[in-house]
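Here come two complexes built around subunit A, the first alongside subunit B, the second alongside subunit C.
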Partner chain A sequence: MKKSLYLTSSGTLSRDQNTLLLELETGEKRYFPIEQIGDIHCFGEASLNKRLLEYLTQQGVPVHFYNYYEYYLGSYYPREHNSSGFLTLKQAEHYLDESKRLDLARRFVRGALQNLQQVLRYYAHREKPVHPMIEGIAQVEAQLDNAASVETLMQLEGQAREMYYSAFDPVLQNPDFAFESRSRRPPANRLNALISFGNSLMYTLALSEIYRTHLDPRIGFLHATNYRRFSLNLDVAEVFKPVLVDRTVLTLVGLRQIQPEHFGEELGGVYLNDEGRKRFIQAWEERLQSTFQHRKLKRNVSYRTAVRLDLYKIEKHLIGEKPYEPFRAYW
Partner chain B sequence: MYVIMVYDVNVHRVAKVLKVGRKYLTWIQNSVLEGELTPAQFARLKRDVGKVIHEEEDSVLFYTLRDAGDVRREQMGVQKGEPEWLV
Partner chain C sequence: MNPSDPITGTHIHYFLVCPRKCWLSLHHLHQEADSDLVELGRLTHERTFARQQMREVDVDGFLRIDFTSEGIVHEIKHGQSEEQAHRMQLAYYLYQLRLRGVQTHGVLHYPNQRRKERVELTPELEAELQQVIQQVEALRQQPLPPQVPRPMRICRSCAYEEFCWSDDEEVEQ
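Our next item is the complex of A and B:
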């Protein structure tokens, strides 16, 4: 399994000795084995040149950039190497055909809602008062079949999310990490900062994995395809966010591994500082690498692989081999 | 699989072997590299190393373990290199 390289310190990235070299501001040189790198995440100030981009294209390594406030800036997405005209046509067909698009979008939302409930059930087992939220989400799920448009599906998903977030305070019971309400751009409190950061990582994870398949990240189904954005990765992220992002956030806060001193306040928003960011990334990577017993494959599979497997399932759905059944967490 | 590569080669080829090794593994200290590889990557590493060494004179050893969890490593003195993915 290829690894992600996270750069939070500043320096110069270059191709040297036919591999990847990072020269830190201190003058220290670090070589990274290019063969082991699946993607690169740049948080600090990185200098790089076209020669490096050429090399990364040749090796098929996407680079994701984030700004000072941890917002996703964009990606260097190397030339498609796995593109398949047939699959691209199928993907476009499923977008253009209203009923096919609606069917696929509904599957994404159903997967997301089931995983939301699964996360809450996990906390219900730990005697947290979250049963009303689970029931609320189940009621929303029951309405999915009647939704006649993608917009309605989005609204239902939003409703379920809202109910789900209302469970955060009773689960954590930590005044330092009160949820209040979801706020973005900028996140108004610590919990929101963590969720936003985790979501950014989730979107880029999905994008990196899409790069390894034949799918085109520009054609999403739940999230409308527009003129510039990647959107398929947002669809896939929706299914995995509860299991990967929210569980990471709740675990870090619950185990007190992230503390109030790991945040800073800037421009009216709350952001993770360097130490907080490192802790989050570490926990995030551990979760992605952790494995579970796959029910069909009958072998241990990491969560990162699970994302890839879902993309293959989407491919199969598009070519009409087998309807897409989103990843479902069983604990 | 987790691979530990150690080499003892003619001084003319030390840099060449290091260069090949760095593509696949993380430098740990002089003449020692290690890291997690797939069987295919391991085969390519061996192929690439084979191209630069002289069989009659150089020696390169590969220790393989099932995965990183199998490695027990103790260290004395300074740390020179370490596989790291968060910098």
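Our next item is the complex of A and C:
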């Protein structure tokens, strides 16, 4: 299992012989065997050169960059090493054909809505008053079949998300982490800062996994292509955000592992500070590496693998083998 | 998939192991990049017969012969569990070379097992090979990959396992 390398402090990343070398500003040197690295996330001030990029291309390791406020800046997405012209044509066909695109977009939203409900059911079992929100999302889900355009699907998803977020305050019951309303760029409070940060990690996770398949990340179905460099990762992220991002956020706050002191306020927005970011990334990685029993593979697979398995299912949908049924948490 | 893509030795090998794997490979839906077993096989290739001069011989861009020595075709394999498929892969190289006017025989090497086997393109083997080539051509024309009803024993060690068995939805709790 390859790991993600998160650079939270500033330093120089370079190729040293056949391994990765990180030299911190303190002069400390740390080596990372390249075979074990799946992707790199740069939060601090990283310096790197072309020689490193050549090496990362050869090894197929993407790099994701975030700015000081944890916003996603962009990625170094190495030349495709895994491409199938056959599949690329099928992917484009499913975008251009309105009914095929609508079908796939609807599948992503349905998967998202089912997982939203599943997260809330988890808290309902723990005596949290969230039944009305579960029912509300179920009602939105019932309208998906009648949605005649991708825009309508996006709106329905927005409605469901709004109901879902209204469950956060009853679940957490923590005045230090009141949700109020969804705000981004900048996040207006701590809970929103956590959600935004988690979503950024989810988008880059999906992108890194797409890199390891034959899919083209530029052709999304729910999220329109053309306007963004990458959009398929946003589609896939919708399915996994509830189970991966939101559960991580709610658990960190619920267990008081993240506290008000882990945030800073700047330019009218609230952001995680260094310690907060470290705690979040640690919890995020633990979540990705935790496993569940897969019923066809008959072995435990991690959530990170589950993301890639969904990409394979999308490939099978595109080649016409089997309609895409998104990942669904049953627990 | 380009209909004029030539069949490679690997396609012949895959077909005899699992036609589904062959179809996916014919459509460039390769899964080998992340497989530890494939990586082990690659290391066996790299580390054995390293002093041979004629390694990785490329014939017309689609026949990749491990090495040749004194006019004999050699194929290195990591494990011997798919021996019949290995034999046919080598027979395919011999056949393609004969089409180009080279008459020779081959040797299958299993360096990890300290074993080797001589392969001749006998009329019987060639007849068998011809059938396989026809079946691969027919397979290529199929719009969908062949279905495998449930995981097989060989799926366990196959680089395509996660692709083939990614679905998890049919058993509801």
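As a working rule, the second predicted complex is superposed on the first by the 329 of 331 C-alpha atoms of A that agree within 3 Å, B and C clash if a C-alpha of one lies under 4 Å from a C-alpha of the other, contacts with A are read in each partner's own complex, and residues count from 1 in each chain.
Here is the rule we go by: a residue touches a chain if its C-beta (ideal position, glycine included) is under 8 Å from a C-beta of that chain, and two chains touch if they have at least 3 such contacts.
Computed from a predicted structure; not experimentally measured.
J.: Of the partners subunit B and subunit C, which touch A:5 in the superposed model: first, second, both, neither?
T.: After superposition on chain A, A:5 lies in contact with subunit B alone.
J.: By the touch definition at the top of the document, which applies to A:322: first (subunit B), second (subunit C), both, or neither?
T.: A:322 sits against subunit C, while subunit B stays out of touch.
J.: Spot which of subunit B and subunit C makes contact with more residues of subunit A, would you?
T.: C
J.: Just checking: does A:308 make contact with subunit B only, subunit C only, both, or neither of them? Give me first, second, both or neither.
T.: Only subunit C; A:308 stays clear of subunit B.
J.: In the superposed arrangement, which partner chain does A:30 touch: subunit B (first), subunit C (second), both, or neither?
T.: A:30: touches subunit B, not subunit C.
J.: Can you list the subunit A residues touching subunit C in their complex?
T.: 60, 81-87, 212, 214, 294-298, 305, 308-310, 312-313, 315-316, 319-322, 325, 327-328, 330
J.: Enumerate the contact residues on subunit A facing subunit B in the complex.
T.: Going through subunit A, the ones touching subunit B are 1, 3-9, 17-19, 22, 24, 30-36, 278, 281-282, 285.
J.: Where on subunit C is subunit A touching in the complex?
T.: Touch list, subunit C to subunit A: 1-2, 27-30, 33-34, 143-145, 151, 161-163, 165-173.
J.: Within the complex, which stretch of subunit B touches subunit A?
T.: Counting only subunit B, the residues touching subunit A are 18-19, 22-27, 35-37, 41, 44-45, 84-87.
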